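Okay, so chain A shows up in both of these, paired with chain B first and chain C after.
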Partner chain A sequence: MDMETLLAYDWGIMAPEFTIVIIATLLSLLDLFLPHSFHRKWLSVFAGVGILVAFVFTLSQLGQEADMILYDTYRLDLFATSFKLLLLIGAGLVLGLSASYHRKREQGEFYYLLLTALLGAMMMASSADLITLFVGLELLSISSYILAGIDKQSLKSNESAMKYVINGGMATAITLFGFSYLYGLTGSTQLTTISEILPSLIRTPAQGLLIMAFIMTFVGLAFKISTVPFHMWTPDVYEGAPIPVTAFLSVVSKAAGFIILLRVFLTLFGTLEGLRLNETFMQSMALWIGVLAALTMILGNILALRQHNMKRLFAYSSVAHAGYLLVPVVALSTLTLENIWFYLLVYMFMTVGGLAIIYVLYEKHGTLDLEMFSGLYKRSPALAILMTIFILSLAGIPGTAGFIGKLNIILGALSTDPAPIVLVSIMIAATVLSYVFYFGILVQIYFRSNPFQVTIKVPIVMKTTLWICAIAIIGLGILPNLALDFYHHYVDLINVTEMLWMRG
Partner chain B sequence: MGWLTLLVFSPIVGIVLLLLVPSTQAKLQKRIAVICSILPLIMSIIVYQQFHSGADLSIRVPWISFGQYPFSFFVEYELGVSGFSLVLLLLTAVLMIVSMVTATMQIKKGWKQYALLTLLLEIGILGVFASQNLILFFIFFELTLVPMFLLIGKWGGMEKERAAYSYLLYNGIGSAILLIVIIVLFANVGSTNYEAIANASLSTELSMGLLISLLIAFGVKLPIVPLHTWMVRVHVQAPPALVMIHAGVLLKIGAYGLMQFGIGFFPASFQDIAPVVAILGLVNLLYGACIAFVQKELRSLFAYSSISHMGIVLLGIAAMNEAGLQGAMFQTISHGLIAALVFFLIGVVKEKTETTYITRLGGLSRTMPLTAGVLLAVGLASLGLPGMSGFVSEFMTFLGIFESMPVIAAIGTIGIILTAAYILRAVMDITFGKEVLAQQGIADLQGKEWIPVSIMLGLILLIGVFPTSLTHSIQTSVEAIVLRIGG
Partner chain C sequence: MTQIAWIIPFFPLMTFLLCFIFQKREWHHLCSRVGIMTTGLALIGSITVLIGQMIFGNSEAVISWLSIGDTVFSIGYIVNPLNALMLVIVSLVSFLVHIYSKGYMAGEERLGTFYAYLGFFTFAMLALVLSPNLLQLYMFWELVGLGSFLLIGFYFHKAEARAAAKKAFLMTRVGDVGLLIGMILVFWQVGSLEFSAIFQAVSGGDMDSGMVTLVALLIFIGAVGKSGQFPLHSWLPDAMEGPTPVSALIHAATMVAAGVYLVATLFPLFEASDTAMLVVAITGAFTAIFAACIAIVQTDIKRVLAYSTVSQLGYMMLALGSAGYVAGVFHLTTHAFFKALLFLAAGSVIHAAHTQLIGEMGGLWKRMKGTGWLFLIGTLAIAGMPLFSGFFSKEEVLLAVWKEEHYVLFTLGLITAFLTAFYMFRLFFLVFMSKKIIPYKRRKKIFESPRVMILPMVVLALLAVGAGYIHTGWFGPFLGEWLASGNEYITLHPHEGAGWLMAVTTLLTFLGIWMAYLMYQKEKLDRNYLSEAFPGVYEAVLNGFFVDVLYQRTVVFATKCLGIVGTWVERYVIQGILHFIEDITILVTKLASKLQNGQVQTYGAMVGVGLVVLLLIGLMQGRFF
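Coming up: the complex of A and B.
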């Protein structure tokens, strides 16, 4: 590749990514050369500015024609832009959550690791090639492994990082194994080329290998989105990692998992002819993904019933939400992308909000037990009401954005075909089941009393993050079209069929 | 904006004002809460006036859109009233004032929060009766869930949390089923507007499946035996001021839903399962009455009495004719007033004598003659004494059911006899039973307590003596439904 070709590319496509790279590099250098007396919490301001600039760049890319650079391995389309916005919002919220309680003044690596992980996720959103995709995935994973163990003195944090590396390594290996089948079958890593060759493999002996590739890739990716059968790491890693990292894993990392899932599966298998006549390959596989989704929702919510540790409870709740998010993948319709996009957006606000309050209370009481909430209403009515909003949204009670998200998913699932009614019923039953532990938190907040009548002071950045989350949840719960119209306006070009850009 | 929007959201005024008052000024808070609870009544009277002067009250504003053209789904913000829902709105507003007055006397701790949650609950109930769109209906319906959970769990009796959870789970499952029905209709019809769904043509199997699901969903709310255990628990555990609203209007959402959606959307399928509904009604009527007969405690007695009376509503609906439906609607309203008054009296008795056991209340007519007198009056209304509201509703219901299902009607009349038996047993034991209450120091009905009593007793008598005051309004709803059954 000579200089001319390099310069001929429209590098503007990667403006958001470049911003993140530059800021991350800058932060690591600053961290290295700044004197010890400089409190590293100020690095968060740089990181915040970087995310904001990248967000503005991404916004400006909305409505652009789809384009590919670097020998068709990096693609900017509305799918990529719309999901990158989510990733940036999620990372911004996590940053707001983390900045308040930075005590070790010389430890600044959290901020640039957060940015590199974010960069990995953004690359995944834009990749049009299995290699690029895998590099993005690894960048995200490796950064997250270090993040999980960033609290070097804490035994639990170390344990969490170790578990995460081992489990994550296995899952990545399986994903890669699946990719290798795809490469072996088609001789290419470029998604366009693969999708052109795949139809010729259907109803040939190679079909079995294709199914293997599908299952391997799916199972490997199930790790990132923490669905059954690769959900076991979630509670352990979430419990050990510092709370901002927990928030990052359950928000940005999960979103990235869904992005890669949609990118690979919809482009490769979305319109590919299925095993039986008159169905697509995704539809042939829908039963299996459906079973996994159902198991994820049921197991996530049942296991959450018995948790007293708030981080573990949120971990299982995050597993259950991954199950809800799989429903649109099973029941593919014109609403699928909108379903997942909107639900991920809502999920970010409610999860970060909930974890932020847990963080505040953890800093106050030094415990993560459910009883940290006891008598919260007496101690701090504002925090109690904010937590109520987050909990009600997680439980999917009307008036909150969580309800609209679920409604959207269910409507999407039933809009074209009545068959997913079973899965939808399981989803609704699982939601009712989840009332038990979500309302258990409300019971603590409102009905129990706490012997320690201490007032709780919330740092200003944290307070802002909390209010942003709460206002977004109520706002989107009452006027969901604030976000949906934005999506419809810019992203109206993509729906499931048009997402398959490679097939002309 | 429209009057209906103002009506539905009028409790917000109270919420905002209460939030502004510091929690130390209890007296001011109580005054504000009571005065603000009058606002919805004023609004609903305006709506009543407008409705009867023929004004078009319905509002329709685009609200949510899912998906993109040509696969889009729209939800509109739609409010409107029919004759029946209009009366239910009025009932809600009246009972809310009465309950708020009662609460000022009986709720001691955390008064401000109690009032805030009740006002929030009121928005939910008013919204349920005023919506003309299923999604909107569902949102308001669920809006009642959280305040009720907190109200029961915080201000209830000994087993309050258990009652709150059982309320939450039963109703959660009920609304989950309702949500599935709503979304299946949405996906099939493309709209959740009541009229659009009523006019859509659905396959027979689908209608039947949806109707049965609706029957279960609203059966939890009404409640239909065997889905009633949560309701007994709530009646016994929740504070009486809250039970007044709960038994008075909240349970009536079940009856409203069955009539508005069950018959309104699937008239043909409802005709097919009408015998089943009638038998369920019969079971409710007789089972409730029999169990009520052996209760030793007033609150559970009247909880089972409610179940029994809801059986009459089911019978009226199952009759599928003008008289039956009129009776069912009448019974819904009449029982709302009676149940609220009964639980007000139970609250007063419990406050002053600290017991609700029938055997320990003997000689009440000596110590609290006025309370005992009103209790006797409302007991008589409940068993259907002519001149009171209970008589009119039972008379019309049985008129209807005799016309379409004479055998079931004949068995049903046993229920009326049983009702008389258990009510009279309880009231007689209390008023004329062995005197066990200490005679001194127990104050009778006095001062503010007369406000709820006179309002509710007045309305019970008014409806009993001039049934046309009610039929005047509900007739339009009855005719609309009858037209759908006939067509």
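Coming up: the complex of A and C.
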């Protein structure tokens, strides 16, 4: 690659990523050279500005034609742009959650690790090559490992980081193993090229290897979205990590997992001929993914039933939500991307909102047990009402965005083919099961006596974050088309078939 | 000017939110002020919209609310003559009732809650009127039902109030099921719930005539429930357990008229089916005379008015069913004013006399002159006294029926007109004029109500007199022309005023008043003659022809039987299954938690085992074994 080719690329399509890189580098330098007396909380302002600028850049890219640079390894299309917006919103919310409590002054690294992790996620959204994709994935993973252990003095945090590294290592190994099969079968790492060669493998002896590649890759990536069988690390890591990191893992990291899953599997297998006649490869494997989705929903909700630790409860709840999000992947239709996009958006608001309140109460009462909520309505009616909104949305009660998200998933799944009705029924049953622990929290808030005779003061940034989340949930619950219209206006062009760009 | 219409419902919603948050006692005086102010703003907005509609014509704006695939559900607002008129009626009556309540409910413990509920109801009612499609209408239709439920049961410490609230909710729900099914059918047939799309489909013949009839009848069932038409009328008299201002607002002027409004809004749909129109007309006529008969013998001042409301709503349905679109809407308008006036005046009497039983009143004219005069105006208006508003609208209704050549129904309507004059003046004479002496001690304590209660009544009295002149054979049918101008599907049938009809109705009215005068004032006719001659019949009429008893013995009884069987099934079958599921869940939880032991090697082993199992399944699917 000579200088001329390099300069010939339209580097503008990487503007959001460059912004994040520059800000992250700047922050690390500032952290290094600024005197100790300078409070590191001000770094969060830089990080916030960086995310905002990247967000604006991404918005400005919305109308652009799809384009690839760097020898077709980096792709900007509407899929990438729309999901990058989600990542940036998620990261912004996590930043809002984290910027309020500072006990240690040396925590500047939190902010630039957050940014590098975000950068990895954004690269994953744009990658068109297994190598780029893997580099993005590892950038996200390694940053997350350190983030989980960022509370150096805490044993729990150390344990969490350790477990995360080991499990993540296994996942990476499995993913790479799957990738190596793909490479071995096709001789290429470029997604377009692979997808052009794959059809020639169907109904040959190599088909078995292709299935192995499919399953290995899927299981490896299941780690990031924490679905069965790679879900067990979730509660342990979520519990030990500091709350902002927990929020990051359950919001940004999970979204990134879904992005890479959609990118790889829809591109490679979306229109590939299936094992039987008249079906696509994804349809052949639908039952298989469906079983994983069902197990994930059921296990996540059942295990949450016995939880009293709020972080663990949210961890299981995030497992269950990953199960719901797999339903559109099983029932592929033109609505799949839209459903996942909308649900992830809603999920970000309600999870960050819920964890933010847990954070506030944890800082005040020093406990993570369910009883932190007892009598909250008497202590702080505003927090109680906010938490009620988040809980109702997580449970999927009408009037909240969570309901619309679930409704869209259900209707989308049944829109083309009635077969997923079984999966949808399981999803509804699992949702009903989840009422038990969600409403358990509400019972604590409204009907238990108030053991803490203190007033709770919420820092201003936290308050803003909470209200943004609550308004977004109610707003999208009453007027879901605010988001859906936006999506349709720009992104409708990429339904599943159109996403398979290599075919056209 | 009409573009502001969508803001109007949000004013009363503000009352709801504010009064709900600040419902402590020390905020009470603010609650009533906030309530009056916001409904005042809503009234100003409504009048602006009305004037705007007259100048600039209809307007509609919708935004898409939820799109699933290609199906888009939208929300928005529509302004046409009919709902601009309804907006003004609702916000005006609500505004006056808010003022009146300040006096009537003074000293109430839960005043904040009361105003919050009133605001909520007004919000839902205004939003219902503005709805441009059936789905939105249905949502607010349910919300007004909820508001009505809450307000009927406002004195929830009284068992009767609780029972009445429950009854009202359940009986209107029966109707709502019809409406819901009708709505689903419409969606299935038309693919949209927008009014304009429905009318287009009907006029374009996209629905076959049997389906049109079915849909219209199902929707009419909803209207029957809400508007207290036979056989779903018996919740309305019981709903009088609510505070009297509530009765005036909800159960006289606005919510119960929503059924009539629904039929009027969907008039093109109904007009497309002769069967549906006939059913509407017959139901209306029967309800009118049926309820009027019961009203004659009631002993509770509010129940008389309640049955009278049922009867008058029947009139409106009769008019609509006889193609008298204008007549129905006209009567709805005048009725809203004079019936609200009558209820508020009755409230004023109850406020002073501390009883609702007619037998314990009498000779109140001297103690409360103001209320007496106002009640008299309302009575004259409803009785159809010439020059009062009820006279014009009732004549219009009867004329529509005559033109449609429903002669039997026309006769029923005439008899009802006579009965109305009779029972209303019976009420007036017994309450205000009768010479019966109330014990001196009690009489001393009866005073005229405060000015804050009298003023709203004066406004309503002016309207009860004057509202008739917007549509007369003498000065011109302004209302009719205007209503027809805004709706391409409505054709105005010019009714040249039939002089003989005017004479007949006037004669009947005077006959009714005269008979009431002889019986209850002069006591020349023995008022107990009929009841003693036919005790069985009297008993039947007094108890509303035992409709409630019938329901009690059939529907309620059957439901209770079902309930007992259901309880048994639930206890032994369902609970057994539930326990089983519960046990399984607990077992799975325990097993899964055991695996979740915090040991990374276990997790790794699980992943390994999982991967192998998945590979086996996947390869088997590919038939490699």
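Simple rule for what comes next: the second predicted complex is superposed on the first by the 504 of 504 C-alpha atoms of A that agree within 3 Å, B and C clash if a C-alpha of one lies under 4 Å from a C-alpha of the other, contacts with A are read in each partner's own complex, and residues count from 1 in each chain.
The rule is short, and it goes like this: contacts are C-beta pairs under 8 Å (C-beta built on N, C-alpha and C of every residue); 3 or more make two chains touch, one makes a residue touch a chain.
Keep in mind it's a predicted model, so treat the numbers as computed, not measured.
Touch criterion met: A:480 reaches chain B and chain C at once.
Of the two partner chains, chain C is the only one that A:212 touches; chain B does not reach it. In the superposed model, A:305 makes contact with chain C only, not with chain B.
By the document's definition of touching, of the two partners only chain C reaches A:163; chain B does not.
Of the two partner chains placed around the shared chain by superposition, neither chain B nor chain C is touched by A:389.
Judged by the touch definition given at the top, the superposed model places A:408 against both chain B and chain C.
In the overlay built on the shared chain, the residue A:99 is in contact with neither chain B nor chain C.
Once the two complexes are overlaid on the shared chain, A:287 sits against chain C while remaining clear of chain B.
Judged by the touch definition given at the top, the superposed model places A:229 against chain C, while chain B stays out of reach. Comparing the two complexes, residues 334-335, 404, 408, 411-412, 415, 480-481, 484-485, 488 of chain A contact chain B in one case and chain C in the other.
Against chain A, the residues of chain B that register as touching in their complex are 63-68, 71, 73, 135, 138-143, 145-146, 149-150, 153-154, 161, 165, 168-169, 172-173, 176, 179-180, 183-184, 186-187.
Chain A meets chain C in the complex at residues 162-163, 166-167, 170-171, 174, 207-208, 211-212, 214-216, 219, 228-230, 232-233, 235-236, 275, 284-285, 287-288, 291-292, 299, 302-303, 305-306, 334-335, 404, 408, 411-412, 415, 433, 479-481, 484-485, 488. Remark: chain A residues 333-335, 338, 392, 397-399, 403-404, 407-408, 410-412, 414-415, 418, 421, 424-425, 428-429, 431-432, 435-436, 439, 442-443, 446-447, 480-481, 484-485, 488, 492, 495 touch chain B in the complex.
Interface of chain C with chain A (complex): residues 63-69, 585, 588-589, 592-593, 595-596, 598, 600, 602-604, 606-607, 609-611, 614-615, 617-619, 621-624.
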